[in-house]
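I have placed the structure first, in the form of structure tokens, so that the comments after it can refer back to it.
Residue numbering begins at 1 within each chain, and the chains themselves are lettered A, B, C, D and E in the order written.
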Amino acid sequence: MMTARNRIFEIRNLAHSYNGRPVLLVDDLAFERGSITGLTGPNGSGKSTLLKLLGFALKPSQGEILFNGRVQVPYSRAVRSKVTLLTQEPYLLKRTVFDNIAYGLKIRNRSADLASHIREALDLVGLDFKEFSQRRWHELSGGEAQRVALAARLVLKPEVLLLDEPTASVDVKSAKLIRNASLQAKNTWGTTLIIASHDWHWLSEISDRQLHIFKGQVVSAGMENIIPGPWAPSDLPGLVERSLGNGAAIKAVPPPTPGMTALINIDHIHFKTCDTHDDSVDENHLTGMVTRLILERKTGDILITLSIHDIQLTFKFPSNTISNLELFPGKTITLCFSARHIEWI
Amino acid sequence: MDFLLSGFIKAIELLISGDSYTWSAVAATLKVSSISMLLSLGAGLPCGFILGYFNFRGKRALRTVLDTLLALPTVFIGLLVYAFISSKGPMGSFNLLFTLTGIAVGQTILAFPIVAAITASIIENIDPGLKLTLISLGAGKRNTILTCLWEVRYGILAAAVTAYGRVLTEVGISMMVGGNIKWHTRTMTTAIALETGKGMFSNGIALGLILILIAFTVNLSLSFLRKK
Amino acid sequence: SWAGQSLMMATTTSTDNTGLLDYLIPYFEKETGIELKWTATGTGKALKLGERCDVDVLLVHAPGAEKAYIKKGFGKDRKEIMYNDFVIIGPDSDPAGIKGKSISDALLAVKSKQAIFVSRGDDSGTNKKEKLLWKDAGISLPDKEKWYVQTGQGMLASINVCEERKGYTMTDRGTYIKYQSQKGGNAPLKVLVEGDQILLNQYSVLTLDPKNCPNAKYDLAMKYLNWMAGENAQNLVRDFRLLGKKLFIPNAK
Amino acid sequence: MDFLLSGFIKAIELLISGDSYTWSAVAATLKVSSISMLLSLGAGLPCGFILGYFNFRGKRALRTVLDTLLALPTVFIGLLVYAFISSKGPMGSFNLLFTLTGIAVGQTILAFPIVAAITASIIENIDPGLKLTLISLGAGKRNTILTCLWEVRYGILAAAVTAYGRVLTEVGISMMVGGNIKWHTRTMTTAIALETGKGMFSNGIALGLILILIAFTVNLSLSFLRKK
Amino acid sequence: MMTARNRIFEIRNLAHSYNGRPVLLVDDLAFERGSITGLTGPNGSGKSTLLKLLGFALKPSQGEILFNGRVQVPYSRAVRSKVTLLTQEPYLLKRTVFDNIAYGLKIRNRSADLASHIREALDLVGLDFKEFSQRRWHELSGGEAQRVALAARLVLKPEVLLLDEPTASVDVKSAKLIRNASLQAKNTWGTTLIIASHDWHWLSEISDRQLHIFKGQVVSAGMENIIPGPWAPSDLPGLVERSLGNGAAIKAVPPPTPGMTALINIDHIHFKTCDTHDDSVDENHLTGMVTRLILERKTGDILITLSIHDIQLTFKFPSNTISNLELFPGKTITLCFSARHIEWI
């Protein structure tokens, strides 16, 4: 349980709009000190907006954010040197890599041993001190710049580190380094991390909790599949369905109000393959081809991605059940779950 | 046309001979323009920063006023300053009339809007990423100002150079406040005006060339600050 | 006992532009030990600077205005120092045919021929004199006439306008001499009317009334006034030559 | 101080009474400054663009020269133009001396370096991404120039407003080239200089205030171009 | 075979340096008209540089690039409206989304039917015309901006489309849309595409050929694993080895010159699981845990990712052999291949 004391952030009735267009609505959300939270969600769902708000780099249109139990606002002293944000498009100051990383240290008057701190930070993101420290801001490739920006944040050893897509345009090896650096920050300095990313696998391997944002709302804690519409009334009474084109369809109980989005939360449901033919009306039978099998290291569970006509769904199976299924990519299987397991948001 | 050539020759003669009259005007010009540049940069950069960086009510109106101040005629500024520092004025006791300090005050008023207005529009156009980055790295107010100005240093240089050109070439203030007193408050530009008034066009051209040479030297020594 | 003190004077551009002050003042400084600084401006502004007590003494040439100035309580002592004269110049071809005429006839001729006449139009001593001439000739000031060009500039600039426009103008002799010399003795504009008593251009030193300007250095100003009226200075003025020509006739009484 | 107040009152009187002398100067000022702004923007924007956009040998030297031209004294420019257009000059046959056109030529020389120098340093600082984007979208030379200038329009506006302020307030050129001829080439600034020279300080202040009002009106009507 | 006629690009003795530091060296490389080429490689390897050179947005320090058989240079008419580059950090012009997309059409004088073309382009990247077309350039999220920039390229229907990380910071659904749009461009308009990306799976599903760039050199056509050093002399004569920490090691024949990089090209080797114990000295036995099984749709092959101590290697198996192996994520297997199969570059 999250106690009041170990809540580093608390959000209350937060709403943010740009030019009157609401983009984020979070009634109540807390972040635990020393945890790593993953933020996922489609483009424009509000991840960056949330991170900017948490970084006190943006004033919310409404509501408040508590940091360490107190309401804080942009530029307030209590957050300034404690919360650090890596923005989605990293901006480097017009100076050398060295000076970019040194900047945050210098304004904190932590100029002792500058070079060794910077060397360490560059190491964390896999850049060679000798090769890169004297490069100027524009003499870097896209991924290198991204990593320098991250190093400039890591070097501060902040209480909170907000990372907005730290691995976009970063190579696989560096993505792994960034994962390690994040874990190290958490374990060594007790840093709280909140990381937005589209790399779902990368994120799931590192985060203690995942939040999915959808159209400005925090949907759930966990991993889920959004089933895009259109949904139409089903022949079956009291149900709606999403046609899959090949004659099959996904069935669901109708949404409370029209226009809502359907999702399947994979943490809430137990999936099974349809060995016995269950003919209850509201049971979904989805036949599709396995395209991926991926080990979720932390839990040991296996994530199975199923391609069904034009949509892809990912489900989670405990690893002990998987070996019996004799699954391999390319195999066609049928999954069964109740129409009532589809949630509406 | 002929006076252009003879002016050019005279300029060289004046420089070589080290004519003390010319040097006194050069010294006055340098002194007064340095002071006014320091003051106008000191005031104009922060003001320009605030106008460009923050969004507040009335900001657009303030920008329009500032742009209007760009069109303060020098004679007008001269009169204004004179009104304050003449012996009947509220600051008459400071004895600033007919002094270089008095001129510098007026030139500061002249250069301030230039520095502030150009700085504001440069700051206004900085990448929003810079703002976010500074706040996210924990910069306070002072560091935000300094770093932002440093980020746009080439633009600031242009603002400063423009203001310097204005200060160096103005006549109205120097004439009205300084009085064009030989050996004392005669600057290059009032000297040029005097020579031209006397019909000594070639002298005017010669002094003008020397003034341009001063500007060139200053700009040359600043050009190391330029983007490569 | 005066040594090290300094006196601030406002004067008209003509005294400065002819180089008279550069020639004369070093003698004053050497004899009295007083440093004299001057600012050369239009007569109107010079009087204004005195009125506002920003200078200590004046050297101007607008007798009418000077007397009124004293009456208003701004000036105290007025000493006539020297004079030169005004002349009317115009192109050699003399389209209005004014050469040798009296001033009034000359101006009437200019008017009736609508020949270009350049006026300084700046309310300077010279301009004031010129307006007086029109009045004397019984002509109301032709302010908006196309042929009456008001430059609002100094004398030399006005002569240059006059030359470009092939017109007539009234100038003080000193400036004309400078102009002549700049043209290498081959000036397109020639003296056409001169010598009338009314054309005299009287220069005076004016001290400021200590009642109006208690801080003005009245005693130093008096010292200067007396020096200018003194024999030594009067002789120096007499000897002053611009381009080899005598310019001012001392007349201190 | 008193003349400031009476100048203010006089300014209102002049405006209300529609004094024809004042309006003639206002008209001359507007005419001449509009022409010179059009010309200097037309020449200065492309030149500034080239200096800021491309890298070529001697570019830094050219920038230093341009910065130096910012310090051309107006009397000097006046003399220069006078030398060319006076009846003895090479362009004497055009009869430009003592005309508003002649003043506009001189003011163009005055404003050109301001427009070009500020434009160059703004263009110099454009995001390299813009260059890449334009070339990758297939923009030719003309479109590259126009689009780049449009991208930095707020900066260009600042350059233009600064140049306009300079043109509006200069005296030296108007005096030397225009001759300050009443009803013809007398502009607001030469009128101010004249009134001040006459000792009519409050008239000078009044005319100065009217000039500032002109600048304010122009800037106000430009302020819709400003970034919101 | 690529004939001279269907080579749209030919690179000859190309070398590029920034400030004297060489970053790209391509002796000889051609691209086929109407093909999709994938570019992979670590950060700073030179992908963006190569794309800029091919887009004639950068002048090479040395060498030449032929387009349609002729040497071309930046701004030359023959390429200007035919080759279009989407840069890694997309830059939007300071105008609305509509005007951004219209820009390229307008300078080509193709202003007819503007709105419908723009609607079509926005559809391709999954953005709603009504919602987005009148947004201003800065009123977009990171992924939305990326997609607008792509739409501005797609709308031009160019002969060549160079995409630099088009899917970085783009959500999964949009990544799929972009894949479809790329394929459509190729199939409908005959567009040649060259796409740099770190998303190896995404790329492998779309590209006809893959080039891997490593330290400025085009390493090979195909997919490979780079084995990071340090390499040390082995106890076995004539071999070097890379210790795996758990006592095991990867063996290889020594590099021709020291300091080279080792790689395993998975297209060149047939892998097998070590059923029989092959004791030849130069045979590698690598035991690791399977972490991913991914179907490569185009070939039907299966990509298996093996985690061996601190490195990850990916291998390719034909799908018909895989069902026999009874693989699932989490299973530990041993792979065998010859030390001679490790290449040095």
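Rule of thumb we're sticking to: a residue touches a chain if its C-beta (ideal position, glycine included) is under 8 Å from a C-beta of that chain, and two chains touch if they have at least 3 such contacts.
Since the model is a prediction, treat every value here as computed from it, not as a measurement.
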Subunit D and subunit A - chains in contact with each: B, E
Neighbouring chains common to subunit C and subunit D, by label: B
Centroid comparison with subunit A (C-alpha atoms), farthest chain: C
Pair joined by more contacting C-beta pairs (B-C or D-E): D-E
Distance from the mean Cα position of subunit E to that of subunit C, given in whole angstrom: 88
Whole-Å separation of chain centres (CA-atom averages), subunit A against subunit E: 25
Separation of mean Cα positions, subunit E and subunit B [Å, integer]: 56
Set of subunit A residues in contact with two or more other chains: 89
Contacts with 2+ other chains: residues of subunit C: 157
Residues within subunit B bordering two or more other chains: 88, 127
Touch relationships between chains, expressed as pairs: A-B, A-E, B-C, B-D, C-D, D-E
Residues of subunit A defined as touching subunit E within the complex: 18-19, 41-44, 48, 88-89, 139-144, 147, 164-165, 168-174, 198, 200, 228, 289-295, 297, 300, 302, 312, 319, 322-323, 325-331
Residue ranges of subunit C touching subunit D (in the complex, touch as defined): 41-49, 121-124, 143-144, 149-153, 157, 161, 164-165
Complex contacts: residues of subunit E adjacent to subunit D: 52, 55-57, 74-75, 80-87, 89-91, 93-94, 103-104, 107-108, 152-153, 156, 162
Touch list for subunit D against partner subunit B, complex: 1, 3-4, 60, 63-65, 67-68, 70-76, 78-80, 82-84, 88-90, 113-114, 117-118, 120-122, 124-125, 127, 152, 154-155, 157-159, 161-162, 164-166, 168-169, 171-172, 176, 188-189, 192-193, 196, 201, 204-205, 208-209, 211-212, 214-216, 219-220, 222-223, 226-228
Sites on subunit B touched by subunit A in the complex: 127, 129-130, 132-133, 135-141, 143, 147, 150-151
